[in-house]
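What follows is a pair of complexes built around chain A, which joins chain B in one and chain C in the other.
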Partner chain A sequence: MTPKARSRTTDRLARATSILPLILFLAAAARIPALAAGKTWRFSLDWAPSLGIHLSFLFDGLSVFFVLIVTGIGFFVTLYAVTYLHGHSQTGRFFFFLHAFMISMLGLVCADNAICLFVFWEMTTLFSFLLIGFDHEKEASRKAARQALLVTGAGGLALLVAFLLMEQAAGTFEISRMVPVAGDIKNHTLYLPILVLIFLGAFTKSAQFPFHFWLPNAMAAPAPVSAFLHSATMVKGGIYLLARLHPVLGGTTPWMATLVIVGAVTAIFGAVTALGQTDLKKILAYTTLTGLGIMTLLLGGETHPSLVAAMTFLLVHALYKSALFLAAGIVDHQTGTRDIRDLGGLMRPMPFTAAAVFAACLSMAGFPLFFGFIGKEIMYQGTLAEAMMPELATFAAVFANGFMTAVAGILMMQAFIHKNTTVSGPVKEAGLSMWIGPLVLGATGIVFGIVPDMVGTWLICPAVHAFHPSEEHIQMALYHGINPPLLLSAVTITTGCLLYLWRRPAIKGIAAIFRTLPADATGIYEYLLDGVGKVARFQTRIIQNGSLHRYLYVICAFFVFLAGFSYLRGGAVALPALWSNTPLPAADLGMLMLLIAVAAITVVFSRSVLLAICALGIMGAGIAMIFLRSGAPDLALTQLLVETLTVIIVAVILLRLPGLQKSGNTGFLKTAMNAVLAVTVGLMMTFMLLIEPGGPPNDSLTRFFEENSYVAAHGRNIVNVILVDFRGFDTMGEIIVVAAAALAGVALIRNRKETP
Partner chain B sequence: MEILLSLLCGTLTAAAVFLMLSGNLIRFIFGLVVATNAVNLIIFIAGGISQARPPLIPEGESLPIPPVANALPQALILTAIVIGFALLSFIFILFYRTYERLGTVETEAMRVSEPADLYQAPHAKNVADMADTGTTPANTANTANKITSGEKS
Partner chain C sequence: MKPSLILKTATRLLVSLILVFSVYLLLRGHNAPGGGFAGALVAATGFAMYAMAEGAASVRQALRVGPSRLIVAGIFLVIATGLVPMFWQMPFLTGKWWQISLFNNMEITLGTPFFFDLGVYAIVLGAILTLILALEDKMEES
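Coming up: the complex of A and B.
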């Protein structure tokens, strides 16, 4: 196959994989009427039942709402990516990652068992790492991927601990079974730790301040990944978690206060930062922060309007953000730049992309007739109905939306209408498979804006009912009459227009404010990461500095510490009692032991190699005598033989080495420290041998060998029978070790002759 | 009896550790030999020591006549002695070759694979880079070359 043909085959296969999200989308959509009637499905498989861990999945309004968003956007992202990556050598890998990422997200939103949810949660972290770092030749991609992995991975660990604590409090891992006992969990002493850990998990995943910094950097990923990551997957995971756990943990003061404050700060921070950016994808990334912040602050609410607003805005945001990211990818793909200062007048050459961007931007700005307008109306209704700090929530929402309107204006005007382009050469529209996605997604924003009540009845309400059952019905309509939300909408659009007109001074002012800040989150992250490296290098320098002496010293010292610690904890052995009831050994055995000890000490202090070798021989022979006196003639025989051979080999080799001259660099202090450690290790060994085991030693194995040695193996020497019969394979292994050592030794000596 | 034997084991262990810490390859070898013996003795004592008969089954019997020594630790130690011997002989040869190549018996001077300055502060940056890019810092390679080329002097 020629490369071109192979590339075409790859493309065709990749395009075929878009059937998967499409089928899932249709299957989920077919369930909508039943869901709206209040039906749910639960499906469970045993995984580790003794631990209460099951592969259980719950399909209710909330899950299916997310499934529809993930698969619907996933379908267009897949189609788009085929063309976007055309000719790339790693296309297959990319689509594997993309679909695995999608399936992890689907598992995450459908899991009912907390551990199951955690596994899918970590899978999204892992696959987002692989996707963000897809262009792994670029350092920026690798860094961004690692940052996302570290931040969200750390949050994942916090989440796991939170789930384990929740199991302690609720007695089950199934989230649906935690809901009925939510009162117990909220009154449990572990409630606050659980809440903090859950927040850590959700805030890192959903890029809430101060863990927001990984998200803008994650735009290093290819455009379809960014679109998917920012709109439907990954960052929505944290929002989903907060919604799912709302009935279990929500409604308390710490829950409401934290979510409203963190959400408000994130929304304002994202909005302000977005205005000053010039990279298309970066602008969009910061507006995602705003969107996530608003969802978080709405989920802090306890009233029906707040939660309906959260879900509505989630849908609004998913639609316009995916369309905009895909469109930004098209612009980058066709013009070669994403810098908004270099772009202009793209409306004429790229009509379809322009239409998609206009629809999405107007939805983002919240203009009437677009779904974003409905979202904003309900959002204000929701923030005004917040149980806690409605003023802060409303202010943050109006403020952030004003900025988003201005950003939407900049995106539309600067890139598509103004004609100050510096892009060279004629720009062409991208292929159908690229612009169809953003166009359909943008158009959906218009359709939903025209029939908001249907969206509310079929999608939003089932989703909200799943985690906040309420009889209250929120009317979604274009016009409710003159009411506070409408006035706030007017304020927002006016603010946005004014900001757009005065954008230059505004951006300058923002930049000035940011310059006064002492540190930013990325800086702190880098500092911490650097700190970990420094600590690692420091401790490596101390513990593993490459010196054999240091390694041995650390190992021995750690042994002393560990053995001493457990010795003291277990209570010191009554040594005097042992002294009194121990019979003295026979005189010859006592002499033998003394001889061995003296020989060992001689080896230590000897300055003559020959003397040391002789002392070694005496020591080995002495130990053989001990074996002989203790009913072990076989051992004695082997020991004598081996000791003799050892002494011969040591003598042959050592007499070729230089003598035991005093080495220059061992001072008195070092020798003293060595001696202290050596004596301590020896004492520890003695104590360990003296500790009486609890009860008599288990001799069932010995008895088995004694009883079967003759009967089964027809041998009278039990030790020999064990070696050659019962443990025959072991002995064979031993022979292989000896042979291997001999071969290796020969090889070492041979090698010497060939390369002098 | 056990107390004296335990003290003996402690003495042997202490001697072995001290010898191995001394920084001289020859003493290190001595330490290894002592340690091997000490460990065998420790297993022997831990298995329960007695001045009983060897674990043999007399002619005409199918079971040993008690009191008889524990056969299991004996079988284990027998394996340990032989394995220990194989290990020691290989290490002797290895050390001999090391001495031939590097011309020293001081373990502190044997720093080819982990030079003393590998983790020193001014150099630390390079090590961090090495972890990132997978390349070897130039001076590590140089040190290695110096030592290899300086062999047999």
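Coming up: the complex of A and C.
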């Protein structure tokens, strides 16, 4: 195949994979009526039942709500990515990661067992790492990927501990079974530690202050990944967790206070920072922080309006953010720059992208008729109904929304309406498969804005009902009459417009404020990471200085010391008679031992490497003979083969590697010390082997295998039957270790720097 | 260093015998000394000899697939044999056996453990060859 034809086939295959999210989306959508009627599905597979760990999944309003968002956006992201990555050499890898990422997220939102949820949680971390670092040849990508992995991975560990503690308190890992005993958990002494650890998990994942810094850096990922990561997956994982655990842990003072304060700080921080950015994707990344902050602070509420507002805003945000990130990718793809100062007048050459951006931006700014308007109205209703600190929540929401309005204005006006001549050459609209995604997602924002009550009844209410059962109904409508939310909306839009008009002084002011701050989160992270590196380098310099001789020396010395110490502490041990328990005739054994001893002496004293290697082989063969004569033919065979192969490999390396022919001159003292250590290790080993069996061997296992080997496993060779059948799982682990060791070894061999 | 003529000639005679022996060990393993691990060691010895006599490139050519692919195929095979019994509602890696009639009314008992052993064979052989060939390459470079 020519490269061109191959790339066309790859594209076609990649496009075909978009059927996966589409089918899942339709399957989930078909369940909506039943869900709205209050039906749920549960499905469970045993995993480690003795530990209470099951692969159990619960499909209720909340999980299906997330499934719809993830698969719906996932479908357009996949389509878009085909064109975006056209001609890339690693398209296949990308789509594997992308779909694996999506499936992990789906598993996360459907899992009912906490451990199962944790596994999917870590899988999203892992695949987001691979996706953020997809352009692994760029240092920025690698750094961003590592940062995301370290921050969210640390949070994941906290989450695991939290789940283990929750199991202590509730007696089950199934989240749905924790809900009825929520009162016990909240009164448990472990409640506070659980809460702190859950928050660590959720806040790192959802990029809440002060763990927010990985998210803006994660924009090093390709545009479709950013769109997916910011709108539907990953960061929404933390929000999902807070919603899911709301009935189990929520409603207490520490829960509400922490969420409102952290959410408010994150929202305000994100909004303020977004205004000063010039990179399209950075602007969007910081507005994601704002969105996530608002969701967090709404989830701190206990009343129905706050929680409805949280879910509504989540949907609003998912729609406009995915559209905007995809559009930003189109702009980057078509013009070659994402710097908003260099962009301008893109409306004429790129009408479809522009339409999508306008729809999304107006939704983000919360203009009437757009779904964002509904989201904002209900958000204010929610913040005013917060159980704790409604004033702070409302202030943060209004403040952040004002900034978001201004940012939306900058995005639309600067990039698409104002003329600018910096972009050189004619700009063309991207292909249909690229702009269709943002356009549909943007248009959905309008459709939802026109029929908000349907969205509320079919999507939002079932979702909220799943974690906050209440008879209350929130009416979603375009116009509720003059009420506080409407007035706050007016304030927001006015603030936004004023900010937009005075954006230059505002940006300067913000920059000045940020300069006065003593430290930022990224700096602290870098400092800590540097510290870890320094400690590691220090330790390596001392313990692993590169001399194999020293490693062996340390290991052997420790062995002798520790084993000898424990025997001395254990008191006197009786040495059994040397010749007891040997099935071999003394003459045979004596001959073999003589052979081995001669070979060993030859190894130590020979001046020729080749002779030493051969003698080593003879030693091994002698030991194999002992095995053979003791009735262990399998062991003998394997031993003999390993010896043969070792001799060959050593011969391949040692005999032909330049500079290894002669061992260096060592002083007398050093040689003496080596000899002493070698003799001590030998004696210690002999001693241990002599006393360890201690008494007649227990042959119950032998009898079991003798009786069952042929009956149960159709094999007469017990050793082999044990390896491949009775203990097959162990073997599987072992051979995978062998495989990993081989691959790691090859990496070492290939990358070895040539020494001159 | 040029390999000697003796080594080359002997290798040609021995390698095919060694490889046949390795398959023999693999097949008899369930009832007599042998098995996937031992078989793979024998095969690796044969290929290592071949690599010493004729160079890594000839081994690669004789293998047709890269040794690392052998590892991957082995891992897949092992996992797949583990999954097979799950279709019969048995736990992962349970041995599942079939009686297969061959010509002349011969009957053999074939089960998933054999394929498991085959996977072990592929992984071990692949692992050793990956290392040996990488070393050979390095030697030939310098």
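As a convention for this text, the second predicted complex is superposed on the first by the 538 of 756 C-alpha atoms of A that agree within 3 Å, B and C clash if a C-alpha of one lies under 4 Å from a C-alpha of the other, contacts with A are read in each partner's own complex, and residues count from 1 in each chain.
Methods note: a residue touches a chain if its C-beta (ideal position, glycine included) is under 8 Å from a C-beta of that chain, and two chains touch if they have at least 3 such contacts.
Computed from a predicted structure; not experimentally measured.
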Touch count on chain A, higher of chain B and chain C: B
First (chain B), second (chain C), both or neither touched by A:745: both
Touched partner set for A:475, first chain B, second chain C, both or neither: neither
Partner chain in contact with A:633 - chain B first, chain C second, else both or neither: both
First, second, both or neither for A:653, with chain B first and chain C second: both
Contacts of A:547 with chain B and chain C, given as first, second, both or neither: first
Which superposed partner A:718 touches (first chain B, second chain C, both, neither): first
Touched partner set for A:700, first chain B, second chain C, both or neither: neither
Which superposed partner A:189 touches (first chain B, second chain C, both, neither): neither
First (chain B), second (chain C), both or neither touched by A:537: first
Chain B/chain C common contact set on chain A: 633-634, 638, 642, 645, 649, 653, 656-658, 716-717, 719, 723, 731, 738, 741-742, 745, 749, 752
Touch list for chain B against partner chain A, complex: 1-15, 17-30, 33-34, 37-38, 40-42, 44-59, 61-64, 68-72, 74-75, 77-79, 81-90, 92-97, 99-100, 105-108, 110-111, 113-116, 118-120, 124, 127-128, 152
Interface residues, chain A side, partner chain C - complex: 633-634, 636-638, 641-642, 644-645, 648-649, 651-653, 656-658, 712-717, 719-721, 723-725, 728-729, 731-732, 735-736, 738-739, 741-743, 745-746, 749-750, 752, 754
Residues on chain A engaged by chain B in the complex (per definition of touch): 533, 537, 540-541, 545-549, 552-553, 556, 578-579, 582-585, 589-590, 593, 596-597, 600-601, 603-604, 609, 612, 616, 619-620, 623, 626-627, 629-635, 638-639, 642, 645-646, 649-650, 653-654, 656-658, 660, 663, 665-666, 674-675, 677-679, 681-686, 689-690, 697, 699, 701-702, 705-707, 709-711, 716-719, 722-723, 727, 730-731, 734, 737-738, 740-742, 744-745, 748-749, 751-752, 756
Of all residues in chain C, those that touch chain A in their complex: 1, 29-38, 41-42, 44-45, 48-49, 51-52, 68, 71, 74-75, 78-79, 82, 92-93, 95, 97, 109, 111, 113-114, 116-117, 119-120, 123-124, 126-128, 130-132, 134-136, 138-139, 142
